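Each structure below appears as structure tokens.
Two complexes follow with chain A in common, the first pairing it with chain B and the second with chain C.
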Partner chain A sequence: MSFSRWKSLLALLAVAVLFLAACSGDEVTDAAETVAEGADEVVEEAEEAMEDEEAMEEEEAMEEEEAMEEEGDGEAMADTGTVTITGPERTEQDVAALNAAFAPFTEETGIEVVYTGSADWEAEINVAVEGGTAPDISFFPQPGKLADFARDGHLKALPDATSSAASANWDAGSWAFGTVDGGQYGIPAKTDLKSLVWYQPARFEALGYSIPETWDDLLALTDQAIADGNTPWCVGIESGQATGWPFTDWIEDIMLRTAGPDAYDQWVTGDLDFTDPAVVGAFEAVGELWNKPGAVFASGGTIAATNFGDNGTPLVEGDCLMHRQASFFGGFLPEGTPAADGSEGAVDVFYFPGNGTDRPILVAGTLAAAFHDRAEIWQVMEYIGSAEYANTRQAAQKEALGGEGALTGFASAVKGLDSSLFEPLEQSFVEIMATADVARFDASDLMPADVGAGTFWSEGTSFVNGDKTAQEAAEAIEASWP
Partner chain B sequence: MDKIVSTFISVILAVGVSTAIWVGANLIFNQSTRDFRRFSALAGGVVGLLFMTVIDGNRLVTGIGTRPDAFELASIHIFLFWPLVGAAIGAALGVVLSNIDDQRMRLIVGVVAGVGVGVLIGFILKSRYQLALRTNPLIMWPLIGAALGVGLSALRRRNLLKGAVTGLFFGWLYGTFGGGLQGVAQANLGETLLATVVAGALFGGRLGLTANPDVVGRADIDQKSRAWLFVGPACAFYTIMLILPAVQTFLLSLKDRDSVEWVGLENYQLVVQDPDNLDTSRFEGFFGSAILPWVLFFVVAGLLIAFLLGRETSQPLNFGGAPIIPLIAAGALLSFAVFTHLRGTIINNLWWVVGVTLLSTALGLFIAKMADGATGEAVAKSFVFMPMAISMVGASIIWRLIMYQARDISKDQTGVFNAAWVWLGEVSTSQPGQTIVGAIFVAAALALAYTAYRSVADSPALAGLYLTVAIVPLWVAYRSFTGGIGGYQFTEGGDLLARTSNFVQDGPYNNFWLMFILIWSSTGFAMVILSAAIKAVPEDFLEAARIDGATDGQIFWRITVPQITPTIAVVATTTMVNVMKVFDIVKVTTNGQFGTQVLANAMFQEAFTNFNRGLGAALAIVLFLGVLPVMVYNVYNQTKEV
Partner chain C sequence: MAVSMNADSGLGSILYRGLSRFPMWAFALLWLLPSLGLFLNSFRSRDAQRNSGFWTLSPNDLTLEHYETVLGASSVNSMGDSLLNSLAISIPATIIPIAIAAFAAYGFAWIDFKGRKWMFIGTVSLMAIPLQVALIPLLRMYVSGAHYTLPFLDKTLTLVPAWGVNGTATAVWLTHTGFAMPFAIFLLHNYISSLPKDIFESARIDGADHFTIFWRLVLPLSIPVLAAFAIFQFLWTWNDFLIALTMIGSANPDALPTTITIANLAGDFGRNEHLLPAGAFVQAFIPLVVFFALQRYFVRGLLAGSVKG
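Entry: the complex of A and B
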């Protein structure tokens, strides 16, 4: 073989090595992450299914153990002292805050925690679980998915010690989101309050508007604003692959107010059809409000083309008066926007009203659940369910955003939060969550993925875009229910 | 860095080990012609080693010590013991058999050795893998195996007895260990021993039935083994990576969403019946489509030009050359008219295939021809080729955010297309903009008409083509004078408002705007290949044509194009296969919403998001069947050329 051939062989080898090294990298960095639009912009770089070496090693260790015919109880396996966590949160800011939140825990216990966020978490967790490379813990934004995995036996129920220690930090309602068929699998890790309308108090005052107390007031205010030549609402439901979810939030909030919590629960489980007049009525109510001439400022041209994150600037600049969005929307306001401090241009929130007497709230968030049974995993799980975790994460996230006055978008319903870490506005979220009569989890996160992360979004978008009527969209969603 | 070094070492190890295995296998087979005894010993040793490595490595047998969690050099004997025993037994048997030529003796030795091995394995097999035998499979499977063996031997005109024994052996193995009755309460050592001993005896007997090959036989072994040594690795790779997954996918597509129950063709029915996949309900609108008059116009123009060209060459109609351009335009527009009135995932996929393949190949050919021999050819071609270097995901984001983006009509537009469109709307609805825009298009039409007038004496067909093309700017000018073109609208009060276009969200043409991203990036590929083909057309052909008085157009259509037809076919089919499985563009821009779903994305969504494995697999198979004919054609073409 001549010299140049050797060189090309070497080059080939080097390329192969780099390729393999890249594939098995510990930190999965998403190359296409530099997206101009909002955090939920979902961009998928053909990222391989999670290379979870720890889990694989453990898998092998388990096989070997089996082979040695020791009726193993799961304690004797390779204890690397590392716990892997995956989740959908993956912006630089969120990942940094998560890592910071685990830092004191690692210092104290010596247990290494490795977090990997993924843009395509939903698909990747399926692949990882199916392929036997599940992470130790995953954050679930959808309790429905968590329940599926729990029923299939993939998730491990919390040991009693962990369960009782963590449950002391939560009210029964929040804690119940992690309960599946009587067993406790999930621990709440983050809570978003969804029933909020963002507005600028100073502008309301200048225009002489008052905060609507009922749904009828809200409609009246909308008409009033249009008549005065102001655009009342900012709406945008575009969110890349998840386009349509802000629409489903509106529907859920209205369902909770018009049909009531019991009907809401039936709707979530599929006992109440999408074609039920209550649901179709909610579709029509939203459609009527959004399609009123002059009612909506859509910064992307049309509602379906406006990214949900692009509503912050118009709201602050006065292109619209109100925007209904969850508590995390604080993270999408232009940098330096004052929050609820009484100053000119400050933003505040009011409760998304209904006509009934009870004040139901719609919440969402993430739950942590474990795929493996090891002592250190339960230690991590217990820590995630503590106020210390939420406080550390809030502090880190705030620090990253410039400290005092910054809205982090993070919130938690855990007991014992250090309120000094939260802005007055953020404290009001916690306040609303604590005083709500009824709390329900985001329905689309509880429904089967075919609907909740599929047709509810896409058919809803078709309805908003005017391609389908409410009835047609509802029928299509109902037909897709597995 | 550590990662790179350790990976480097593993790669070198892997390459080294596979090379060693391959070279070693060759060396062993070398011995078959030189020293058959040595060959038998080596081959027997390797078979024994591999067999014991497999069953020991899968922890089927009791080891001679506690196996550590991770490999350590100190306990290497635990890992090596059984494989080495296997190697020794195999080698010994090989040597013994190669020394015995008497058929009866061989049979006895083989059976005895097989029984010995059977006893050994029966004893060292872990208790959890012990068997409880069942009568029915024990009779049925060996019989089926024997029948199959005899049948195959008969077909291959080989010894029937040998075939029968081979079949019996495999049938027995399947009837005992294949039944899945290991580990049940009644499993016991005795029945396990029976199973292993009979299996061993059958295998040994089959070995004993063979005779030691003579010189011709040895040469035969040598020759056939080489073929397998070369093809084997590739075959194994394809089987594991391609064939088995394909079969598995097909089987999954016949099961329900959790792969538990068999549901027959239900998933395929779902694929075809779902209106989201195939919606023909709006097809009536096709006949009222505003595109149809244009299709008609281009078809008539094409026929007319073909007639004119036919007069030049004394044929009734001649479609070679000028008529092709309006006919391609008619075809593209017709496909648009059809596909915008038939909706659904499958239709979208077809539209992608027709649209992208047609346009990127035609554009590639056009650019290749125009650039050929022009000044700055290399630079121009580099620019067209450059988009190929951008990943599809990147390209999709660029196009969506920079080109297609729209803003609220009260704001300045930031997307390039919308900004230009709205600007055009503003200019063409006010003076003097309207006059200027109209005048420009009138001028363009006039220029084309003049070119037609100049060439009418030479070739009426070419003149016809220019006139046909001139209609387009003329129509635009007409629209401009009668109200303006571009993105604008009037309020009731008569104020001019911007009217943006949501390229990505507004169906059904959003499909085309997504396709445009792929056309943009794949035209470069078509151009490079076609340009090379054009340059490879022998110069003397062109010269001969020139001497005969052919025009440039005639040379291109009559000489160059027929010469490069195979290349055009290759470009078109390659593009087609790429387009068929389009995924990233749709995933990134719309994720299949707004009526832009395609098969690959639907498959991903069903299989990995909704976790409906049956339906996902069915979609994958549909996609596979769609690609298959094109692939077959491509492969057939390539082999034909060689």
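Entry: the complex of A and C
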């Protein structure tokens, strides 16, 4: 390597240092220009090969400059009326749909809304709050996390006007997901329905089976199918580090049906122990169903080794009759699978039944909550809680996914939802949500993370594998409750 | 007799070579297998990936669709922008630590000053600090600066002004630079201190000062180790996810590097996981180019300082 190369290396270093100085100064533009000029002078001596990288540096300086101008500080943002939102939804279509959902709002009010999805939302929101760079609004997939931030004083409670305007659009159960210690912090932004069983109507008809109306019917159907030589269920609970979560959904759904919503709430807060007969009974009920010889098809060999997302193909190809999974499962069906259109091979859902007279549903989803207190943020929050937001988002998401016939994975329990925007399959989600008597949020998202995102998954998996009995697993989970 | 001896030793050496290299090839293949599987999967359709392993490759499943989707991605920013952002992070984060560490390593190795040994031990022991623990304090410093209030005097000193560089590539390469420094100094010091003493002495006799020695002797002689460190550092900063997520995160989606853009492709519940193999090869393309361009320095650099000259 010749000396002129090293000179150019040094030139790059000089550029970088100047550039750093530029960032700390107030007159960003001037400093950046100085950098560019200085760089030009030095680089004349450098070899051509290095000039490309030089250009890169300059480009970077320019980008930074723009970024700095856009960023500004809190006050500047207030002046321009921009509201930043972060959340866990991050596919191209989701982001496009979210931005489109805010377009009419921006047109009406002049408030810019910028949404950013994060691949690691949970880690990132912690860092942002700790580091003092919290967004204006974030979508929380876990009400438990929202409650933690609210209790630590990071979140701002909704002003009364916003709260009363938005709450009119929601039933009391869904609205309560955003309530923390009597204050309202969150507004539901998206609802995933979990109490669903996926099946093929044509196959049911051919076999002469009918949709089970009660838990007993469901067990009877399972036995009937085994006797007829069919495998009734597809089950897989593998999900990388989160292995076990589909098992917890089963337990939660059964808890809601056997112990009731009040006991469910006590269970979530830790007042009802995991070792309580109600919980252990739910474990045993699931274990009994899954361990019946011939009851479960697991494409990965065992239930715990089968990825939850790999159950779509066996269901469609007839390896099993039923699969219990949330509304988002439409995104895991093999490409081109018809959804609830009456055709041969179409996939539909029915409500996961219980023995009681009421119809409880298990839901998940996201809640919007604000980290700052500004008038335009509350306007955005109110808009998120409206049917207009949900309708615009659904329309935009469908468009982004290819229009007619596309399953969006989006659903909402908001009142005034325009069901004509949804596919027939999605309309049945909306209908089940609308006709439910009781809605409860996914318990594992509400429990302390050590349990809800820890032992409930891992000990549940041990139980499914047969390494532990229901009682042993329940005791281990209870012992880990902080 | 002589002929048979030759044949004997020829056969023996062939046998020996074959046997001694067989494990090497076997291990190389074994090590490559996951990458090969990933590469094949990157061309297989979503349903094929979900239902079977890469070894069941059939021509009907093959598609370039995933590469099209990945390269055309625009979820938070476009793939082209992300690649440029990654370069905007990796290039300064590679060049700056090398430049500073080369000076420092020379100083530690060949300039005799008081406390040199302890300063060097102090610098090198900083390698033991996990960078994760410093991320949030660093982010706070970038956002609001560092201030110290003198006790009893009620006077606040601003040690570092509020740069407000969070959300920019600057914050990322600045962080990488800081954390690269101890290892860079350590590696370069070991190499530079092993250069023969004689050349320094004769240079001194000829009237060269420290800067001339560094510039005209040390740097040209250290190119293998500089290149080796550059490879390490470039790969590490190019593939970094955590620091970029912390320092840029959602504050400025336009500045996010490729790693984060690709992770965003997977979608919630991993419903687009089938895009990740293709994403991995898009991500790996530039490091592969860098590696093959600099690989002849690689082994030489790995041995840097292991044998005293």
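By our rule, the second predicted complex is superposed on the first by the 403 of 482 C-alpha atoms of A that agree within 3 Å, B and C clash if a C-alpha of one lies under 4 Å from a C-alpha of the other, contacts with A are read in each partner's own complex, and residues count from 1 in each chain.
In the analysis below, a contact is a pair of C-beta atoms (placed from the backbone, for glycine too) under 8 Å apart; a residue touches a chain by one contact, two chains touch by 3 or more.
Remember, predicted model here, so these are calculated numbers, not experimental data.
Asks: Just to be sure I read the superposition right, which of the two partners does A:450 touch: chain B = first, chain C = second, or both, or neither?
Replies: Only chain B is touched by A:450; chain C is not.
Asks: According to the stated criteria, A:220 is in contact with first (chain B), second (chain C), both, or neither; which is it?
Replies: After superposing on A, A:220 lies clear of both chain B and chain C.
Asks: Scan A:309 for contacts with chain B and chain C and give back first, second, both or neither.
Replies: After superposition on chain A, A:309 lies in contact with chain C alone.
Asks: Should A:116 be classified as contacting the first partner (chain B), the second (chain C), both, or neither?
Replies: The answer is second: A:116 touches chain C but not chain B.
Asks: For A:127, decide between first (touching chain B), second (touching chain C), both and neither.
Replies: Touch status of A:127: both partners.
Asks: Is A:328 in contact with chain B, with chain C, with both, or with neither (first, second, both, neither)?
Replies: second
Asks: Could you say whether A:103 touches chain B, chain C, both of them, or neither, answering first, second, both or neither?
Replies: Touch partners of A:103: none, neither chain B nor chain C.
Asks: Output check: A:88 vs chain B and chain C. Expected answer is one of first, second, both, neither. What do you get?
Replies: second
Asks: Show me the chain A residues, by the header's touch rule, that chain B contacts in one structure and chain C contacts in the other.
Replies: Correct list for chain A: 13, 16, 20, 24, 63-64, 67-68, 123, 127, 240, 299.
Asks: Using the touch definition up top, name the residues of chain C that touch chain A in the complex.
Replies: 45-47, 50-51, 73-76, 84-85, 87-88, 91-92, 95-96, 99, 135-136, 139-140, 143-144, 161, 163-170, 174, 215-216, 219-220, 223, 245-246, 249-255, 260, 263-273
Asks: Chain B touches which residues of chain A in the complex?
Replies: 13-14, 16-18, 20-21, 24-26, 32, 35-37, 42-46, 61, 63-64, 66-69, 78, 122-123, 126-127, 148, 238, 240-244, 297-302, 304-305, 314, 319, 448-450, 453-454, 457-458, 461-462, 465, 467, 476, 482
Asks: What does chain B use to touch chain A in their complex?
Replies: Residues of chain B touching chain A: 3-4, 7-8, 10-12, 15, 59, 66-67, 69, 126, 128, 257, 276, 391, 393-394, 397, 401, 405-411, 418, 500, 502, 504-507, 584, 587-588, 590-595, 604-605, 608-612.
Asks: Give the list of chain A residues in touch with chain C in this complex.
Replies: Spelled out, the residues of chain A in touch with chain C are 1, 3, 6, 9-10, 12-13, 16, 19-20, 23-24, 53, 56-57, 59-60, 63-64, 67-68, 70-71, 73, 84, 86, 88-92, 94-95, 114, 116-120, 123-124, 127-128, 130-133, 135, 239-240, 299, 307, 309-310, 312-313, 328, 331-332, 334-335, 409.
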